[in-house]
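Multiple structures follow.
One chain, chain A, appears in both complexes that follow, with chain B as partner in the first and chain C in the second.
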Partner chain A sequence: MNRSQAIASSSVLEQRQIKARNWQSWLLSAPSLFWLILFFAVPYLIVILYSVLTPDIYEVKFAFSLGSYREIFRGTYWIPFFLSFRLALLTTLICLLVGYPVAYLIARSSEKWKNILVVLIIIPFWTNFIIRIFSWRIFLSTNGVMNEVLLALGLISSPLEIIRTDWAVIIVMVYVYLPYMILPLYSVIEKLDFSLLDAAMDLGANERKAFFKVTLPLSREGIFAGSILVFIPALGTYIIPQLMGNQNSLYIGQIITYKIKNIPRNWPIASALSLVMLIIIAAVLLILYAFYRHRQIRKMDEAK
Partner chain B sequence: MKPNKIYHNLNLTIFTLVMVFLYIPILILVVFSFNDSKIVANWQGFTFKYYLLLFKNEQIKLAFEHTILIAVSATVVSTALGVLAALGLENKRFTGKKFLTTLVYIPLMMPDILMGVSLALLFNFLRVGTGMVTVFIAHVTFCLSYTVIVIQSRLEGFDNSLVEAAMDLGAKPWLIFWRIKLPLIMPGIVAAALLAFTLSLDDFIVTFFTSGRGFDTLPIYVEGAIRRGTITTINALSTLMIGFTLILVAVTKRVRKFFF
Partner chain C sequence: MEDIRIEHLTKSFDGFIAVNDVNLTIHEGELFSFLGPSGCGKTTLLRMIAGFETPLTGKILLGNQDITQLPPYKRQVNTIFQNYSLFPHMTVYENVAFALKIKKLPQSEIDQRVKEMLQLVQMEDQANKYPGTLSGGQKQRVAIARALINKPRVLLLDEPLAALDLKLRQHMLIELMNIHDAVGITFIYVTHDQGEAISISDRLAVMNHGNIIQSGPADDIYERPDSIFSAYFIGETNLLPAEVVSLEDDYVGLKCDAGNGESFEIDSTYHFKPEIGQKLTVSLRPEKIAISRRKPREQEDINIVRGVIEDILYLGTHTQYIVKVGNLNFRVFSQHKRVYFDDAALDWEEPVWLFWHDTDSWLIDEVAPAELDAGDVNVFDVPIQMSRNLKRQSHQE
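Moving on to the complex of A and B:
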């Protein structure tokens, strides 16, 4: 056998090995693939199907109808969508403003303190979600702890009516989603090269300038990740406004849930509203991604 | 004062306020679980009676059993599937890599409510009665993405030299898997299982859409109790749950030390 033949046969053998490995991979991933297709992808097809059916009090009538979409385009649900969008945006912004200093402080602590502080941020997170919301009701209610304390201190003359307002919703939203903002910010700031900051200040930049020109741009990835992690679940929130808010300002998550659960049900409209929410999320993600890419490309151009 | 100092103090103030903000609800739950009053908000005196009432409540016992049953089974299945998928994804020339990765990451980009709605409609379409099985399926579905990603990230930092050495010495593939690969990725598997377990314990919204009547988990029971206004025992229940998670965390730390 000459040399080229040997190479050819070894590459045939290699090809065969690659093929066998590929089959093995398909086999190993088959259960997960099957599961995700059947219980994640297919359900969305059902949502699309149900969105063009005729509503019924209990379930659906299998008769084609575009009524749900017509209703949406007529603008019946603009207000809940607007409220949800505003809530998600506000929650994200407040979490960012409050979370950044916290993440920064943790990232600049000593190694020992870093671990302790991160665990301190995570512990409340381990308490059941519903229970944490419930305890905010106790705290904020009209004859609740906060009002008692403020009245006793003489800071207010009559109890503040916070519960059942949008303020209560915002407070609890920030409470629930703050760790989702702090942790990605922390992991990015922690890896930041702080000698750049010193260099900027040596070159005459003041604290504020150094922060806005160096630290903030370098932690952009954490800001994007944190914002996505807060904004998306915030947009679909149901239980927080349900337990803290009032029935005069309904959010889209509440409308969808009512239409699925409460009789008279309307599954087609719930499906169509879910799809609209999906489109909004896709749009927000695309805009963020485009913005992110744009900055990346600009950075590369500057580097040239 | 130097500006440096001012910024640092500002950060420290915000940090302290955030910590107070994060711990207020937990403190309140614990304190008020011992409060001898029908109205939740007023302090009337110390009592253990809600803890006693709690242990007499059959509904809570049942909900607790359901929660643990679902959490354990969903954790086992989603972790096992996650290990297999992560091993499959390890192959860089796997032709389905991109497809599976996309399918794993997309659920993380969706609000829970959409998974709840879509699964509820799927079960209706298939004429499957909602109950334990549907809740189990739903929990595995939202845990799966996390387990795959956690185990995969462990495999990525995997040092292949030990596997190659074993192969050179003539070890069989299954032996290599059991004796070398599995122990090395064990930390990833434990982390994934713990994450799945906590996600399952904590879930409200997906369970709310897929449980139907008669199969309550603890979060579902608590929400119902808040809605009905029968809330006196909830503080005690919450305190026990907080204690339970803290014990779980402590045990985890021990287990981690034992393993790694």
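Moving on to the complex of A and C:
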């Protein structure tokens, strides 16, 4: 066997090994693959299927129709879409503005306080979600604790009508989603090297400039992660506007629920609305991801 | 001309006094070092000059300006931090340009000055790299450029070479000295490494427990330490417990306690007038002692002591002998210059003569502690261990 043959046969051997390895890796990932197919792919396929069927009073007629999509693109639901986006953006923004200082404070506390404060952030999760929202209802209602205290203190002359307004929805949204903003921010800020702030101040930056030029850019990953964790569930929220809001401003989550719950039912439009939502969220995430990747690649290129 | 004056500066953290009533003057263009073991207050002192810590009492003057209460960003002082603290999200260029961008200088001027500065530290071809991709020595250079670009009056260096390996450290030390010569401003250098401090500084201050023990040029502190701590922390030394038995115009007669009731007498010149009967300590540098198996000729100003070689450690440039005189261990460095002494190698357990000049035994007006704190200086521990192993090997051969 001459040299080139030897090389050729060894490369064949290598390829066989690679194939065997590929096969093994498929086998090893089979359980999670199975799980994903069963609980992720199949449900979505059903949603996609239902979105192109014809509505009936209780169920669906198995007849192909793009009517639901036509209805959506005609703009029938643009107000709930707009309201949902506005709510999700506002919630994310307020969570960021409130959460950042809190996360910063926790991250800069002593080791002992850090743990206590993080537990305090997590404690609300131990109580049922619905119960927490109902307590807000009692607290904010016209004859509720808040109004009584404010009236007793003489700060207001007549009860504030907060309950059943968009304000009530926003307040509870921020309350519910704030931990999802604080925790990723905290984990990023906590790892930040605070001697960098000394360096910035040493080089002539005052506290404000040091924050905007060093702390903020270095906590960008936490801001991204926190914003995504708040924005996405906030966009599809159903129970909070249902319990805190009014029927004049319906959000997309509520519309989808009504279409399934109320008779005559309309499964196809509910499915189509869910899919449109999904596509919008996916598009937003992809754009963010592409932006982020672009930066990373640019960094690596310049490093070469 | 004086550049920095520190007056009665004190700082405490939760009742622990980190810096204790420090008074100091640093001259313009000088390379001044704070030298001391960790926790001696040298970094706290530096951080107060930079403006990161506010002193409890006292004043810091830069030129004629009292800067004690100024925030760091209003001081004409820049710092090279221990781990460089380069901004990881900025390129080398952006790191160096940071101070000028804050000042909102025109872009053309920023470009010009950053380029010059990167040239000074030989990093002009790395301008677009991020700090995460640089080696330790390169990060060090960027840190220097970033700190110097704002043309500070004083540059503070906080253990700048601690993170580098030995060869690079020696190289950067020389480079720092060259940069100091090139820019001509005052450098204040903090280190726990006495070798670094001695070689780089015009003057230095030895610190311990928040106090300045002694300050002055390196050779001054080495040759004329005014305390046991200075003598012991800088270089290596033999500390002999002694009692004054006679006092003449130009020398004192001393009785050194060698333990077990044994003693020997030596003479020494003096720089302060001791009293007869006073107990004090003699500091005798190992390289000032000559060692020989033949008895040297008796001379008026030479001290001669008889001992036995306890240990030998070959160190390339010189050999270190541990010679037992009574219960005292003398450390003696002997360079391998055969023209001076008899050339047959000395051996373990061999009786030898140690001799040195009167002017080389230096009096310190303190009583040596019975056992020197091993935490302060650990010169004894390792070499003796090593040489014991060598000894065992040589016996087997």
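In this text, the second predicted complex is superposed on the first by the 262 of 304 C-alpha atoms of A that agree within 3 Å, B and C clash if a C-alpha of one lies under 4 Å from a C-alpha of the other, contacts with A are read in each partner's own complex, and residues count from 1 in each chain.
Keep in mind that, in the parts below, a contact is a pair of C-beta atoms (placed from the backbone, for glycine too) under 8 Å apart; a residue touches a chain by one contact, two chains touch by 3 or more.
Here the structure is a predicted model, which means the values were calculated and not measured.
Peer 1: Judging by the criteria at the top, classify the pair chain B and chain C on chain A as clash or fit.
Peer 2: After superposition on chain A, which the two structures share, chain B sits beside chain C with no clash.
Peer 1: For A:W267, select first, second, both or neither according to whether it touches chain B, chain C, the two together, or no partner.
Peer 2: First partner only, chain B.
Peer 1: Just checking: does A:A205 make contact with chain B only, chain C only, both, or neither of them? Give me first, second, both or neither.
Peer 2: Second partner only.
Peer 1: Based on the superposed arrangement, let me know which partner A:T127 touches: chain B (first), chain C (second), both, or neither?
Peer 2: first
Peer 1: Figure out whether A:V149 sits in contact with chain B (first) or chain C (second), or with both, or with neither.
Peer 2: neither
Peer 1: Answer with first, second, both or neither: which of chain B and chain C does A:A20 touch in the superposed model?
Peer 2: The answer is neither, since A:A20 touches no partner chain.
Peer 1: Would you check which partner chain A:D193 touches, where first means chain B only, second means chain C only, and both and neither mean what they say?
Peer 2: second
Peer 1: Does chain B (first) or chain C (second) touch A:I287, or do both, or does neither?
Peer 2: A:I287: touches no partner chain.
Peer 1: Comparing chain B against chain C, which has contacts with more of the residues in chain A?
Peer 2: B
Peer 1: Hey, in the superposed model, what angle do you get at chain A between chain B and chain C, Cα centres, nearest 10 degrees?
Peer 2: Taking the centre of chain A as apex, the angle works out to 90 degrees.
Peer 1: Could you look at A:I279 and tell me whether it touches chain B, chain C, both or neither (first, second, both, neither)?
Peer 2: A:I279: touches no partner chain.
Peer 1: Can you report the least C-alpha distance between chain B and chain C in the superposed arrangement, rounded to whole Å?
Peer 2: 9
Peer 1: Intersection of chain A residues contacting chain B with those contacting chain C?
Peer 2: 206
Peer 1: In their shared complex, at which residues does chain A touch chain B?
Peer 2: Within the complex, chain A touches chain B at residues 18, 21-22, 24-29, 31-33, 35-37, 39-44, 46-47, 49-50, 59, 98, 101-102, 104-106, 120-121, 123-124, 126-132, 134-139, 141, 143-145, 148, 175, 178, 206-208, 228, 232-233, 235-239, 243, 253, 256-257, 260, 267, 270-271, 274, 277-278, 281, 285.
Peer 1: Across the complex, what residues on chain B touch chain A?
Peer 2: That would be residues 3-4, 7, 10-12, 14-15, 18-19, 21-26, 28-29, 32, 39-42, 81-82, 84-85, 87-91, 93-97, 99-100, 103-104, 106-107, 109-115, 117-122, 124-125, 137-138, 140-141, 144, 148, 198, 201-202, 204-205, 208-209, 218-219, 222-223, 226, 231, 234, 237-238, 241-242, 245-246, 248-249 of chain B.
Peer 1: What part of chain C is in contact with chain A in the complex they form?
Peer 2: 50-52, 71-73, 77-79, 81, 83, 85-89, 91, 98-99, 102-103, 128-130, 132-133, 146-147, 150
Peer 1: What does chain A use to touch chain C in their complex?
Peer 2: The touching residues are 193, 195-196, 198-206, 209, 213-214, 217-218, 299, 302-303.
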